[in-house]
Structure formats: C-alpha cells, structure tokens
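Pasting the structures here.
Here come two complexes built around chain A, the first alongside chain B, the second alongside chain C.
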Partner chain A sequence: MLTLEKRPHRSAFWTWAAPPVAVLLTILFGMVLFLILGKDPVIAIKAIFWDPVFGEFAFYYRPEIVKKAAPLVLIATGLAFGFRAGIWNIGAEGQYIIGAICGAGVALAFYPLEARWIVFPLAIVAGALGGMIWAAIPAILRIYFKTNEILVSLMLVYVAQVLITAFASGLLRSPDGHGFPGSRNLSQYSAAANLDLISGTGMHWGVVAALVAVLIAFFVLTRHQFGFDVRLTGQSPRAAAFSGINPNRLVLFSMALSGGLAGLAGIFEVTGPAGQILASFPKFYGFTAIIVAFLGRLHPLGILLAGLLMALTYIGGEVAQDNLQLPAAAILTFQGMLLFAILAVDTLTMYRLRRSRKEVR
Partner chain B sequence: MTLLEISGLTKAYPGVVANKNVSFSIGKGEIHALLGENGAGKSTLVKTIYGLVRPDSGTMTMKGQPFTPTDPRAARASGVAMVFQHFSLFDALTVSENIALGMDNPPLRRDIAARIQEVSRTYGLPLDPMMVVGDLSAGERQRVEIVRCLLQSPELLIMDEPTSVLTPQEVSILFETLRLLSSEGTSILYISHKLEEIRTLCHHATILRHGVVVGTCVPKQTTSREMAELMVGATLQAPKRDHATPGTALLRLQGLSVPAPHEFGTALKDITLTVRAGEVLGIGGVAGNGQDELVAALSGETTVPDDMIEWQGKAIGRLMPNDRRALGLCAAPEERNGHAAAPDMTLTENALLTGRTRMQLANRGIIDWAKTREFAQTIIEAFDVRTPSTETNARSLSGGNLQKFVIGREILQRSRLLIVNQPTWGVDAAAAAAIRQSLLDLAAEGSAVVVISQDLDEILEVADSFAALTDGRLSPPVSTKGLSLDQIGMMLGGAHDMETAHVDA
Partner chain C sequence: MDINPILLLAALMVASTPILLAAIGELVTERAGVLNLGVEGMMIMGAVAGYIVGHSTGSPLAGFAGAAAAGIGLSLVFAILTQVLLTNQTATGLGLTLFGMGLASLMGQGFEPALPVTVSKIAIPGLSSIPVLGPILFQHDAIVYLSILLVLAVYLVLGYSRAGLILRAVGENHDAAHALGYPVRLVRLLAIMFGGACAGLGGAYISLVRVPQWIDGITAGAGWIALAIVVFASWKPWRLIGGAYLFGGMTVLQLNIQGDGGKIFGVTVPVEYLSMTPFVATIVVLVVMSAGRAPGSLGKSFHASN
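Right, the complex of A and B next:
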C-alpha cells in the first residue's frame, strides 16, 4: 500500500519539478486518449506540441501562440498577487470584458479622429480603469460588508457578459454594420488599432505590456514592500496584522491591480486580434488565466512559461483538429488532463509517498 | 510495591531520538516527577504509557504483567488516566455532559451529576456539574478533566504540566487533592519543569535530558538549583538586576476599553496605567483574561479611540503598528509561530516583519535585503540564536531559539517601550534566563518593559512593579519589593474560587 505522508517542509525540488512532470504525465495519458480515439498518439502529440513551433507552417502558428499567450500572462500576473495574499479574484473574465468595452467605447467616441497619440493611450487608460473599477466592486463589498469576493467577482462575470451583448447590439453598434450587432472594427481604425509592431511576429502592444508586467511583478514580489506584504498576508495573516499591514487596503490594491491588468488585456485584445465588441468577444481568457497563474506557481516567470504552454495547447489543439480530425472535445479533455496532472503532482510538494506496511492489531 | 516498571524504552522519530533507553519505575501511591526541559522527551514518554505512541524497543510492565497499550482506550482499561496540558472540553456543554462524553462507559445521565458531586466533595475539588464549561476558569476546567479521570478510579494518573494555567490558590487546592489520592494508593506521574512544585509535592523524580535519563533524586532532599542544573546540563546564572529609579512617563493608558474581538475573547475594561522609562512592569494573570487583547491594543493591531493611549503626552490610540514602532513602541506577542513571526518565511524576512520602520530597511518601498540580512545576523549573534543561517525558515527553529530571535528583534531596534507576552513560555531554562536578562538590560538602558506572564516566579524575578489582569480589568500596580506569592494570588482573583463555593450547598 502507498500512503501519503506530510512533509515537514514544502519540497523545493517538487515545487519546481511538478509542472514539467505534470506536462510529461499529460502527454503520456494524452497519448492513451488519442490511441483510444484511433489516432496515432505520436503524431497527435507532435501536432499539438511540435508542429506549431517547429513544423512546416510554424511561421503562421508562432505569432498566434504569442497573441494567445499575451492576455493569459497579463491577467495571470495580476491574479498572482491576490492569490498569494489569499484574495480570490475569480472574475478576471468580467474585468477583461469591461476593460474592452470601456477602452473600445473611448476609442469609438473619437472616431474618425486620426490622432493616434491621443486616441490609443486614452483607450488603454480607459480599459485599465474599467477593469479596475469592475474588480473594486467585490473588493469594496468585501471590506464593508464582508461578502465573499469569490462569489461576487464570479457573478460580475455574468453581468459583464450581458453588458457586452447589450453594447454590441446597442450603444456601440457600428452605424455602418447594416443593423448587425457588433461595433466598428477597431483594428481597422488606425488611430486605435493594436497591430503587430513588427509585421508577422504577433508582437503587438499587449505582448509588450505582458512582458513588462512580468518584469515589474518579479521586481515587486522580490524587492518591494508591497510584494512582501502580499506574501506575508498569504502565509500568515496574523503576523501580517502584527507587522502593520492594513488588510483592507491590501484587498483593494490587489483586486484593483488584477482588475487593471485584466482590463488592459481586454483593450489590447479588442483593438487587435478580436477587432470589435461582439457577443462572441469573450474567449475565457480570464478563467484560463487562473489555471495559468497556478501552473506558473504564482511566480511571474513561471506564469510567462505557463502562459506560453497554455497558448501552445490551444493552437496545437487547433492544428490537431484540422490535420487529424480530432474532436474538439478531445482537445478540451487534454487541457483538462493538464490541470488535473498539475494538481495531482502538486500533492508531492507537501506530501511524500511512502510504502506502508500493514499494521497488525 | 511497584505499579509500573519501564525498562529500556526507545522511540526515534525521523531525525531525532525522543527517548533513548529510558528506565524507571513508579511505586503504588507514589507521586513521581518527570522533569525535563521542552524537547527532553517527557511528552513522548507519557504518550507511550498512555498508548498514543508505540515504542521502538523496550518493555513496560504493570503490576508484574506485560503492558503494551495499543491505544488510549486500552491504557485506560489497565487503569491509566491522563490529564493533558491542553484541555479537550466543549465550551458550549455543561460539566457533566463534557465528563460523560469523555468516558468509555459513562454512567447513566441522571447518576452522573451525583457521582461528580461525590467525587468533587471527596477530593476537595469544587465543581458544579450543571455549569457551562465556557464560563469556567482554567483551574475549574482542569478540575473537570481530573474528575473525569477520577470517575474511572485510575491506578496511575498522569498529569502533564498541570499548574501552568493555575493561580497559586488553585495550585494548593490541586496539591491537596493529589496528596489525598496518593495516600489512597493512586500513583501519580507528574510532569513539570517547575522545580519548587516538585520539591513540595513529589516523592521521587526522574530527570530527562535529550531523551536520556540523566539522573534521579528525592526532590525534598535536593535543591532546585541542583535539579535545574541536571535538567539543563549546565550551571545556571540568575538574572542580575538593579532597581533603577523610574524616569519620565512614556505610556499612559486612560480608561482603555476594547470590546471582545470574538465570542471567547475578553473585553478590556477601563484600564488606566502609566509606564515610566527604566521601569519593568509585570502583568500577571491566568491566560484568557485579556492578555492577547491588551497586547493587540498596545501594538496597534487593534486601534482604539485616540485619547485612550498616550505616548509622551501625544494621543496615539488610532495609530497603526508601524507608526507606533516609529515612536519606539514595540511588542512581541505570545504566539511565536504565525503571529510574532511568519513560520514559512526566512529569518531575514522575519527581521523585516517588524524592523522595517525603525531599522530603515526599506527606502521608498524598495527593500534593502542586504541591510535586512545584516540586521537578522546581528540578532542571531547578539541573542545566541541557534540556526544554520539567516535564510532558515522560522518554523525550523526550536521554540526557545525563535523566541530569542523575536525578542532580540524588538530589543535591537532600540525600542523605547517593549511589551512582551509570555516571553519564556515553552522556552528551556538557559534560554529563558538569557531572555529575562536581555529584558532587564533593555530597562537598564532607560527603556520601559511590560512583561505579561502567567509565570509568577518570572514576574517576581524581573519586574519592579506588578499589576494583575483579571477578566479584562487591570489592578493598580504595586511594587514587587516584599510582595509574596500569596498576595499576588489574591490579586489574581482568589475571588474567582469563591464563586464555586456554592457547590456543596
């Protein structure tokens, strides 16, 4: 019999080894899954993990991976602060949507003004503020009424989804759209468009923002007082209070931070890859980012890698669907397995496996 | 006649041998002391006897029969009963309900109250079976546990640090009971590190150090000092102190009142107090009488209306902890792991935890880790904290070492007034002496020190004046010169025992 025995300390080895081991396990079990579906497992895995990066059509897929990873990394980096402090913003998806609506609204208000140096920055600021305000709602409710921020932030996602549908067919609907829902295409409005900085690389401003966010987050977590306060609050709330950290301020700061970054992701997405405010705009980046945050160990550099990996499974999944006719559900299952594996292997950071002998009574 | 004979008992845990070849025996009706510092292996040994731990090797015999309890139920069936240091009682239930819950074969509901009264009368343990446990004092709660044991007529009663939560009056009631039990033939295994108690109560003592029996003695014929030195394995130095004339008033509490933070917390009621520079004020009281709440109100974890706390004439009731630290008002709460220190953070990070303001460890929010590490290193060296490095997690330090670190951290930021709660709780004798000395040194340099402690000997050793904290109220401080333990006991609420006098009526 194998039993789990609690370790006296978190294992430093498994903290870092768990994600790669989990990926390997996922590949292994994924191969079994694809085998059962009657596909060549090696080709399927190659289609997901190899072809998008190094395959014949990689020149097309690589920018897609980068574009997909950027919002995930941006949102997850913000979430990592709150999660480390035990503040659970589950509603980044809503903040992402509201950020897109606010930013797009501001940009469209200037249409057709061709002054990029004023329209684009204002749209970005509006997007970040929108996300912040949307995230501040659960924070303030928690501070003053002791509501649960998990529930409130999650419920606000549904409100945001209804709002974007309403805006797409109402206030922000394109006058030139022949009555179809959907705003003007911002990626075709040159004063607001968020296009590749170097054509064909996928490097738009959102990617730059994600990289900058990772670097700043890394610095703040290791060198800044705020990062220390966040870590201390998460590890030991009473010691944090004794140290003099104001828990309410921390709740508001970290919620606003994650909301702001989610809002940024929203505005960069709606002015770039997505192009317009549409009911189909949400792509669950806000939820996937939660997985990315944990897969990346709530560490900025880990999140960067995890975001790229997650984006790879999306793009690779599409490749596998197109080339091997794998059902979409199989790809979702595969991604689910990844999360499952990371949780399972994670157990080893706090527990060790031990062969137990049967005790005789 | 020998009741329990233990020979060659060994129990090892990963990385540490808790008991190594331990042998001793307890006679019928004997009160046997098990003496040792924290971590000496006392707990493992009694847990083995009570069936909670199985030894790796060695034998136990009870009345000549092999004794190998597989669980506490089996141990109880053989006549072993144990009163733990931490009580396992339900606050919301009555005394008799609690007692019935803890028994293997509880008597009928209607009989139990009568039997509790009978036992409590026989052994002089005033206890009302109908009282709700949440309303009882620590001493009364302990009586509940003792009565529960006595109802099963044990042959061996194990008592783990029974007096740590009692007032002197409660201690003497307990000792009377134990002597009576002993005269009736019940053996008692008495675990403690309080030497005077052992000298007045126990017939024999076995002294453990690092899991090994290092000596046995007849306590009445041995001095406390000899026993302490056996226990510690070194010669001890009593703290040196000079009574300084107190200087200017640093801190003034004026009608400090704070509502209870939670259901089983204690409200602070109208506390008025002046603490002067150079003074060591001892605040005594049984745990749960408002100690934690008082520390929180002074450290700034709980804020209060501004004029309730005055610092050199300035109202500071609303200031947050770091603003108070900036003034020089520092604190060390009782719970080291998770309150005074973050267990999963390194000593360097823990140095930053309270040191950031006074030691200027951060500049515009940017932490100066090199300077912080230096500060941690200074604490470690100055206070002889045994740790591999500054990058060790607080959790892996022993209680005494972490306490030295926590106290050192506050003292070395040149605090003007330091409030410590239970500075030497669970700390070995050598470390405790070092901590007390450092508090006295701080006062000698002109800072004020407030020592909150349940250990009255400790207070008498370090404090210039003494005040009693009972049910959130603080008595006016009196000078400790010539103050007797008895007087202190009365201040601490001998009144509390009066409330239970109606039991016999």
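Right, the complex of A and C next:
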C-alpha cells in the first residue's frame, strides 16, 4: 500500500510540475469521459486543445481565446490575494455582473454624447466601483457580524443574476428595442465601445488591463508590504496577528481588490464582446476564474498561463460542440475534473508517496 | 391579497423539504469536521438521477434510491480527494458543484421520460382530520415525513449514542480523536456519504415532486441555501427545521405574491425583485444569527503525522 508522508519542505520540483501533470491527468480522464459519451476521444481532445490554436480555422479562434482569457485572468488575479489569506470570495460572478450593469448604466447615461475621452473612462471607473461595492458587502458583514463570506458572496451572485434580468427589461432597456429586453448595444456606441485595438487580434482594452493587473499583482505580491501581509496571514494567521497585521483591513482590502477587478472584467465584457446588458449576458467567468486561480497556483504569472489554457478549453469546447455534437455541459464537467486534478497533484508538493511499512504495535 | 393560509402553510412544507434534507446531511458532515461545499452539485446529481431512474422504472422508490446512490457516488469523489489526497476542502467542494452541474446536464440531455411517476400523499389516520392543523401537517407524501424523522434520528444519534459522540469528537478535535484510537478518516468518510445521500434525496424531491420535471440548473441555489441554514442552525439539528421552513415560507410566499400580480398591500412589486427575496433573506438571517460556534476541526485536513 502507498501512504502519504509529510515532506519537511515544499518540493520545488512539484511546485513547477504539478500544473502540467494535472493537465495531462485531466486529458486522460477526459478521454474516458468522451469514450463514455460515445465520441472518439482522440478527435475530441484534438478539437479542444489543438484545433483552436493550430487548426484550419485558427485565425478565427486565436483572437477568441485572447478575449475569453482576459476576464478570467483579471478576476483570478484578484481572487488569488484573498485565497492566499484564507478569505474566500466565491461571488466574483456577482461582482462581475454588477460591474457590467454599473459601467453600462453610466455609459448609457451619456448616450449619444460622442466624447470618448470622458464616457469610456467614466464607464470603466463605474464598473470597477460597482464590483468593489458588491464585494464590500460580504467583507463588511464578515468584519462586523462574523458572517461567512463564502455564503454571503454566493447569495449575492443570485441577487446579481436577478438584477441583470430586471435591468435588461427595465431601467436599461433600449428605447429603440421595440419593447424587447436588452440595452442599447454598447459595442456600436463609439464613445463607449471596447473594440480590438489592432483589428483581428482580439486585443481589446480588457486584455491590456489583464496584462497590467498581472504585472502589478506580481510586484505587490513579491515586493510590497500588502503582498507580504497576505502571504503571512495565509501561512500563519496567528503569527500575522502578532506582527501587527490588522485582519479586518486585510479582509476589506482583498475583497475590494478582487471585486474591483471582477467589475472591470464585467465592464470590458459588456462594452466589447457581449455588447449589451441582457439576461443572457456571458456568465460563469466568475466561477471559472476560481479554477484558473488554483490552476495558476495563486500566482499572477501562473494565472496568466492558466487563464489562456482555460480559455482554450472554452473555445475548444465550442469547436467540439460544432464538429462532434459534444454537449455544452461536457466542457463544464471537463473543467471540474481539471480543478480536481490540480488539487490532487498539488498534494505532492507537501507530501510524498511512500510504501507503507508495518507499524510497530 | 387572497392567499389561503392553510394551502400556503401546506405548500411551505413541500417547498422546504429539499432544503431540509440537504441541510441535515450537511450538518452531519460538518459535525464530523468536514466542510463539503459541493451540496449544490450533489443535489443536482440526485435530481437528474432520481428523474431518470424514476421515469425509467415508474417507481418513485427506485427513483429516490437512485438519487441517493448518485449523491453518494459524487460525495465519494469529494471524500477520496479531501480525505485520502488531503486537498483543500473549500476548493474541492466548489469543484464538486461545477462538476456535478456539468455531469447532471450531460446525463439529462435527451432523456425522454418513459413512465409516469406519482408520489402519493399519505394522510395519517386520525391526525389528518384535525381542522386546520391536519391539512397543514399530516397530509403529505412519505418524503416530507422522512425528512422530519431524519432530523429526529440525527438529533438522537448525535446527542445520545456512542457513535454520535465519536463523530462529534472527530469533528471537534481530530488529533485528540486519533490519539484515542478512533478511525478519523473512516468516520469522516461515512459522514460525507450520509451527506451525499441526503443531498441526492433532496434533489430528487425537486425533480420528482416539487417541480416535477428535469430542467438544467433545476436546483437553482437550494444547495447553497442548505449550507447557510446549517450555519443558521448553529449546527443543532432541531433548529434546522425552523431555518428550512422559514426559507420555504419565503419562497412560497413570494411565488404566491407573484401569482397574485406582484401586489403587496396594493403596491405592485416587479417579479424579479420578488424572486431575489430568499437570497436576501438568507444574508439577513446570517447576519442576525451569527452567534453559533462551528465544530473545532471544521474544514481542516487530517493527516496522522501532524
């Protein structure tokens, strides 16, 4: 029998090797899943991982991957700070939706003003603030009433989903929409549109923001007092308290940070790829970002790679849906398995496998 | 508002049952020191499995058994990951919810119900003919009674049996329990499986009785509300009933008001704002009832070397 034995130190090898091994494991388990579904596993995996990047229609899919990765990386970068310190913001999905609603609301308030230098920045600020405020609710409730931030932030996701449906058919409904739900299309309103900076590359402002966020997060985490506080609190809350770190401030800061970034992701999505506030606004980025954060080992650079990989599985999943009639839910199952694999392989950084010896009785 | 209070209260018990079932399972899991955030995933697996098995065999009993088995199956994934491979419970539970939602959607796609399933109501002789109370309390299907009996059983086992004492010891301090020679991992494995079975039953109650049909995402957050109710109940079985019926009441009341044209005392409230009330109420209740003390080892991984 094999048993786990605690290592004296973190394994440097497995710290780097865990994510690729987890991806390989997921591919293996995924092939079993596709086999059960009656699809050719090799073709399915090729459709998911190979075709979007190197296949015949890669010129179309590559920009889509970049666009999908941007919100995931933005949200996951923010989440990583809280997760490291044991602060569980599970409601990034809600903050992302509220960010989109607030930003779109501000942009639409200026319609049809053509001054892009004022409308677009204000919309972005409103989006970030909206996400921040939505995330501050669980933070403040945790600080003052010791409520569980996991549950509160999650309940607020459901509230946000109700709100976006209400706004799409109520306050933000397009007056030119013939009574159908849905706001004006922001990607066609030149003062607020978030289009490709270089056409055909998928590089919109959200992508730029994601890259900047990764760089700043990297320096804050490794070189700044706040990053040190976060890491210390995660490793030993007691030691952190003795060294004078205010845990309440840490909760508020890391929640507001992740909420703000999720709000940014929302506003860049609604002014760009999505275009309008609608009940069918692209969802689930906030939840998938949790997987991205863990797959990236809660490290900004790792998150960048993990975000691209996860975006690939999304786009690849769409390719597989079209080519193989693979159901849309299959990719969600696949992503769940990816999270399981990374968590399981991660154990090897702290433990090693040993053949168990007979115990002395 | 012309809402019949007797019908409302009877409907309340039906609406609360899935949440109560999932919550009593999670309560046992948490009292053993394991935080399984995958309740929503296990519920939806139970919903789809119960629907498929029930409508293939035509037997509600087989449906509910299949649902419990599906819940246990998914909970075993969680158990292996967190107890054997020592993964982070919070992240694994979230993964379980995503995985369960995906898998349930896969299983439910294209399923055509072959046979009808009817879960008949059982009027308890004598008691059901009491005016007012009879129709509210004693004219339900077997699962409603089962959910309350389960709460009673959990209360008795946790508080008055040796097995319950060991389970609580494992949850309060796993190192001490291990030192006393109790099989920490085995106790936790069984508790996780019980949680899975209960969540599966709760899910099947939604797809076989409450709605009753299969729709993607049918549980719509019921699993998360069940988690909140465990906190609300301060990990005490009896209080779960109050919590679950409070939320069931909110759900039924807002549905009734929606059906009534969204009028509350003559003021019309948009449907969307009514449907968010159970979630807002959960937050309010979490704020008001934050006094409870969680089991000491809740959410911590156990490894004998520590």
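Following the convention adopted for this analysis, the second predicted complex is superposed on the first by the 351 of 361 C-alpha atoms of A that agree within 3 Å, B and C clash if a C-alpha of one lies under 4 Å from a C-alpha of the other, contacts with A are read in each partner's own complex, and residues count from 1 in each chain.
The rule we apply is simple: a residue touches a chain if its C-beta (ideal position, glycine included) is under 8 Å from a C-beta of that chain, and two chains touch if they have at least 3 such contacts.
What you see is a predicted model, and the numbers here were worked out from it, not measured in a lab.
Peer 1: Which holds for A:V162: it touches chain B only (first), chain C only (second), both, or neither?
Peer 2: The answer is second: A:V162 touches chain C but not chain B.
Peer 1: Pick one for A:V125: touches chain B only (first), chain C only (second), both, or neither.
Peer 2: Neither partner.
Peer 1: Considering only the touch criterion stated at the top, classify A:R223 as touching first (chain B), second (chain C), both, or neither.
Peer 2: first
Peer 1: Report for A:N148: first if it touches chain B alone, second if chain C alone, otherwise both or neither.
Peer 2: second
Peer 1: Have a look and say if chain B or chain C is in touch with more residues of chain A.
Peer 2: Touching more of chain A: C.
Peer 1: With the two complexes superposed on chain A, say which partner A:L37 touches: chain B (first), chain C (second), both, or neither.
Peer 2: A:L37 contacts chain C only, not chain B.
Peer 1: Using the touch definition from the top, say if A:F340 reaches chain B (first), chain C (second), both or neither.
Peer 2: second
Peer 1: Report for A:P327: first if it touches chain B alone, second if chain C alone, otherwise both or neither.
Peer 2: In the superposition, A:P327 touches chain C alone.
Peer 1: What is the contact status of A:A241 with respect to chain B (first) and chain C (second): first, second, both, or neither?
Peer 2: Only chain B; A:A241 stays clear of chain C.
Peer 1: Please write out, lowest number first, the residues of chain A touched by both chain B and chain C across the two complexes.
Peer 2: Looking at chain A, the two contact sets are disjoint.
Peer 1: Quick check on the complex: what are the chain C residues that touch chain A?
Peer 2: 37, 77, 81, 85-88, 90-92, 94-96, 98-106, 109, 216, 220-221, 224, 227-228, 231, 270, 272-273, 275-276, 279-280, 282-283, 286-287, 290, 303, 305-306
Peer 1: How about chain A: which of its residues touch chain C in the complex?
Peer 2: 4-6, 37, 88, 90, 141, 145-148, 150-152, 154-156, 158-159, 162-163, 165-166, 169-170, 287, 290-291, 294, 327-337, 339-340, 343-344, 346-347, 350-351
Peer 1: Sort out for me which residues of chain B touch chain A in the complex.
Peer 2: 70, 299-301, 320-323, 325, 331, 333, 335, 338-345, 349, 352-354, 356-357, 362, 365-367, 369, 393, 395-396
Peer 1: Could you pull out which chain A residues touch chain B in their complex?
Peer 2: 8-10, 223-226, 228, 231-232, 235-236, 238-244, 246, 361
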